[in-house]
Amino acid sequence: MTEKIRAGILGATGAVGQRFVQALADHPWFELTSLAASERSAGKTYSQASNWKLDVPLPENVADIEVVPVDPAKVDADIVFSALPSDHAKTVEPVFAKNGFAVASNASAYRMGEDVPLVIPEVNEDHLEMIEIQQDNRGWDGYIITNPNCSTIVMTVTLKPLMKFGLSSVNVATMQAISGAGYNGVPSMAILDNIIPYIGSEEDKMETEPCKLLGEFNGSEIDFADISLSASCHRVPVMDGHTEAIWATMDENPAPEDVKRAFFDFDPKIDDLPSKPDKSIVVREEPDRPQPRLDRNMGNGMSVSVGRIREGIRYIAMGHNTIRGAAGASVLNAELLCKKGKI
Amino acid sequence: MTEKIRAGILGATGAVGQRFVQALADHPWFELTSLAASERSAGKTYSQASNWKLDVPLPENVADIEVVPVDPAKVDADIVFSALPSDHAKTVEPVFAKNGFAVASNASAYRMGEDVPLVIPEVNEDHLEMIEIQQDNRGWDGYIITNPNCSTIVMTVTLKPLMKFGLSSVNVATMQAISGAGYNGVPSMAILDNIIPYIGSEEDKMETEPCKLLGEFNGSEIDFADISLSASCHRVPVMDGHTEAIWATMDENPAPEDVKRAFFDFDPKIDDLPSKPDKSIVVREEPDRPQPRLDRNMGNGMSVSVGRIREGIRYIAMGHNTIRGAAGASVLNAELLCKKGKI
Amino acid sequence: MTEKIRAGILGATGAVGQRFVQALADHPWFELTSLAASERSAGKTYSQASNWKLDVPLPENVADIEVVPVDPAKVDADIVFSALPSDHAKTVEPVFAKNGFAVASNASAYRMGEDVPLVIPEVNEDHLEMIEIQQDNRGWDGYIITNPNCSTIVMTVTLKPLMKFGLSSVNVATMQAISGAGYNGVPSMAILDNIIPYIGSEEDKMETEPCKLLGEFNGSEIDFADISLSASCHRVPVMDGHTEAIWATMDENPAPEDVKRAFFDFDPKIDDLPSKPDKSIVVREEPDRPQPRLDRNMGNGMSVSVGRIREGIRYIAMGHNTIRGAAGASVLNAELLCKKGKI
Amino acid sequence: MTEKIRAGILGATGAVGQRFVQALADHPWFELTSLAASERSAGKTYSQASNWKLDVPLPENVADIEVVPVDPAKVDADIVFSALPSDHAKTVEPVFAKNGFAVASNASAYRMGEDVPLVIPEVNEDHLEMIEIQQDNRGWDGYIITNPNCSTIVMTVTLKPLMKFGLSSVNVATMQAISGAGYNGVPSMAILDNIIPYIGSEEDKMETEPCKLLGEFNGSEIDFADISLSASCHRVPVMDGHTEAIWATMDENPAPEDVKRAFFDFDPKIDDLPSKPDKSIVVREEPDRPQPRLDRNMGNGMSVSVGRIREGIRYIAMGHNTIRGAAGASVLNAELLCKKGKI
């Protein structure tokens, strides 16, 4: 790759937007050319507008970039990464796609769209083939691809290697980090010394998105996987890292050792992507792992850690929600687009 | 009741021991006559020995009681409440029972003993009939009764009203408070900004104790309930209150409204016990309840709160682990003993 | 007192408003007759409007009261307690006073007003004599009295007994609870695993209000106390209870034992007020007290606890910020008004 | 430097020991050759013995090193870094020094020893000249140098540039992270939703060590600086990073802008040391900084961040307690030893 691809971020100042900046500030394939945010932020430097809240310093080469409005005429890029709220994404992303941008979106607005790829590279990279269908359908020069909800990603990466055992149903109880709700999403008085056993529309996403992700692209559309999912989602006082207790019922009724071996051997053949971790699934042998504080940064935040694989089959999965589950997921999708020559 | 029953506490200085003191310091039926603890504490006043750690003040009438050793010859009481660690309970509780004490134990040592009642008054008060069998078997003047593990109690109170629907299997994911591990049980570096997806032997207790509790006493022994339980237990940064996400499969496949009605109508007919809350199960209608910080003190900490009853059947249960799930459970059992004339 | 005084709350649904409800729902002298809040809440029942967030249950006799607008024509009461934000209080409180209401305000808008009593009953109850001057000045039938800022109250209760030693200067570093900022005031991402070394205008309040409180009413105005105060205010991840590290320089240079004795002997002669705790200052002897979680509920949340009195003089003070430092402070002031026949 | 210096760690498995491993695993001047710990750990691999608890992965080249006992005969190194508890350090460190090792100690045992350098490279690098005196006095081939207590370091780095204004007295209130007490040091029940206003012997260290650090080496001994210090130390629920509210009284009474300039211009001329951050003092202009979660990793954890410089002079200082305040401090001292040719 002789020249870097020009990349913009839509919604660059929020919690996920900042993770996009972190991922792209020094990326080997992409060059950060545009940071777009609300009218309130436009015209300010990124350091003024973002109120940077990560525990790694704001990259110096980004601090002085002037924030532009979320407008295709103002954004200079080949691909835009969208960290917009879903309702805003719904109106804005098609405009960018129509104007020839590749849109890699973390928003939920178009995930379940019939001609929109919902992709985790380790799970269903061939679904990107739908891009042409989408462009034909809609008459767009650009296109929209999406990554799933954060809690869906952490779970589905671990469900993929279980498909060969005839996965039929899943119960999952999540313990989700506060960063998933955005910087102002959870008041401290709501969560200190507390659990909130509810996250709006999260359970619905966890119960539908995996069937698309684990489905088969038949050349014209996705045949959804026939898996029955039941989720119970809870907010916990953890900064980053979603922990999930999963029960998976499989026709072949594998032993825990078989499941562990399937996790261990999982090798999705996308190793030449820069954001791909050495191990997409890290198997922990200790009785009390994975834990969000200790394991969320494995693989630069891109590995999903699993452990406590027991009869049932029951196990624990944990991944970084704003990296593996959001910004990193979109960037990995974009790297896959590059590799496939779609940007 | 003209005269109060003399009550002692074994293991009076620990986290559960302090909850026993709170429950008994001003009890209408019991008079706190002996506080027993380790040799290290014996001889000190309770205020010196206990390092009182509750957010309610140490009762004044207890502060100056001299702590005695855990020895039947030194304990002056009709009934002793045991907050001993399980290994210590195993050797000590039979000695007290042999010496004529009624022992109401929160320890796990004898819960699954064939002739030992494991009782939640709202669930299986008739199991106390096993006391005579125990005394015959062992030649004891006294006896041991037990209450279940804290996470078992919170769940099983809510399973009881589901039995009529043909309860066959349960998956449960717990989010358990740090007080369940005792004052020094969980280092702050282990749990701040973290989840620990493991609690030693907790899952085993949750998978076996309910079958005894929900079983039938046939006059000589317990016929265990035929329910398949699968638990995943997690420690969270919450001071008090265990939250549990429960999936319950029932032969009759009731609708969520039927289950809610069963919870709402649950009326275990033990209302004349002083520690019995108005509602043993409090049904919450809000989408985001129950929550430990807001609901753990309902019914003076003795109510189990439920909510989010959804298709599945899935729901959330939450109760105070060191009151409803420990000290309060033992005291409620002892009140039942009084009412039945067994002390 | 044959008949209770009718009491209303302005701003009844917020964090401090809920503490007012808790304090007044079962008060011996006051009867809660009106709950006023924003237009958005008006017309709803209090249980609908308040989203009750305390860990004690919402009083049953209050749940169904209909919330009214913050309008003297809609509020039926002899006295109103104001938990309004300062800017709103600035316009609304004079309207109530003009319409004949006694206004006991927790807001900062009028605290430093020349003819407005700023009162802590244990510190300067005689400042209430300014009420007549205020009514003359302004031609009001009613009047406004105020209590200080939460962190000021905790500190100033402990400075009062030091005045006799010739208190000349104070340095104070606070560690303040999140409830002081209101329910939505501090995002969890801002404070989990963190300290925020800044609270807007808090230091200014702590450096000015004590000089008025500790000043002398000369019959027409307050001669401010000549004390130099320097504050550094910090937000910490604690739910309730402000902890303050105080250095007090006194002309007489008393020994720590003298200061401890002064705290211990502090007896402000207002014992017949229902909200007055047995000890306004609780002196702790342990090396590691007071602590907010363990001591904030002392005296039903109305005691200030002190400890670690060392050469310097240095010591720690701690009190419940939304009870002693807000709602309870206003109620105690109102009780003093009753006793003095001013309502 | 053609060959790396062989380095060992004494007390390698604890919280500070793990930070030493992190600092030395890939160091340009040192090669980690020996990891020494208690008899219980000796013989195990480091990954087995350490129960690694940092949120960065255990370095792979260290995981399989066999832990040796804390015994000069078993430790293969030119320099040893000591993370031993103080009482253990007291007996062990002289044995290593006598056996020819350079000992760079984080323990408090010898800090105030008359012939023991207590050094922060940015503050008093010339105090290392005392090494020869120490060796003469004691007849040792090796020697002991020490770094100060964590909270002392954070403060003293910021006091150094104030010396030119005639620093005479300091009040400091600390808000210290739980990692400062070691992994098992603070139970979660002690600190969740709480502040502990006491840390054993911490205030004494903060009041004595700076006078030695800021003193002058007169060729034979240290003339202590004549500064009066008064500290109040508090534990807060923060994982890493000590925050300190400092009042500094100076003869020249500089304006806040002068102090800010002094911090900004501080340039201790030790830039060729690998662990030296670009800026030893980072000056923050925002009204609410520094904050531990956001700023503790500045300069790879080696910068002290300051902010809120106000009349008084008052300001906030914050630094990473187990890096800048412990392991990183010892390593920086050792780098200075190398540069000066003393190893």
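Chains here go by letter, A, B, C and D, matching the order in which they are written, and residues are numbered from 1 within each.
Definition applied: a residue touches a chain if its C-beta (ideal position, glycine included) is under 8 Å from a C-beta of that chain, and two chains touch if they have at least 3 such contacts.
If you're wondering where the values come from, they're calculated on a predicted model, not measured in any experiment.
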| item | value |
| --- | --- |
| Pair sharing more residue contacts (C-beta pairs) when A-C is set against B-C | A-C |
| Relative to chain C, chain with the most remote C-alpha centre | A |
| Between chain B and chain C, centroid-to-centroid distance (C-alpha), Å | 40 |
| Whole-Å separation of chain centres (CA-atom averages), chain A against chain C | 48 |
| Junction residues of chain C, two or more chains touched | 53, 192-193, 237, 239, 293-294 |
| Contact set on chain C toward chain B in their complex | 53-57, 192-193, 293-294, 296-298 |
| Chain C to chain D touching residues, read off their complex | 171, 173, 175, 192-198, 230, 232, 234, 236-239, 243, 245, 247, 287-294, 307-308, 312, 314, 316, 318 |
| Of chain B, residues touching chain D in the complex | 15, 53, 178-179, 183-193, 237, 239 |
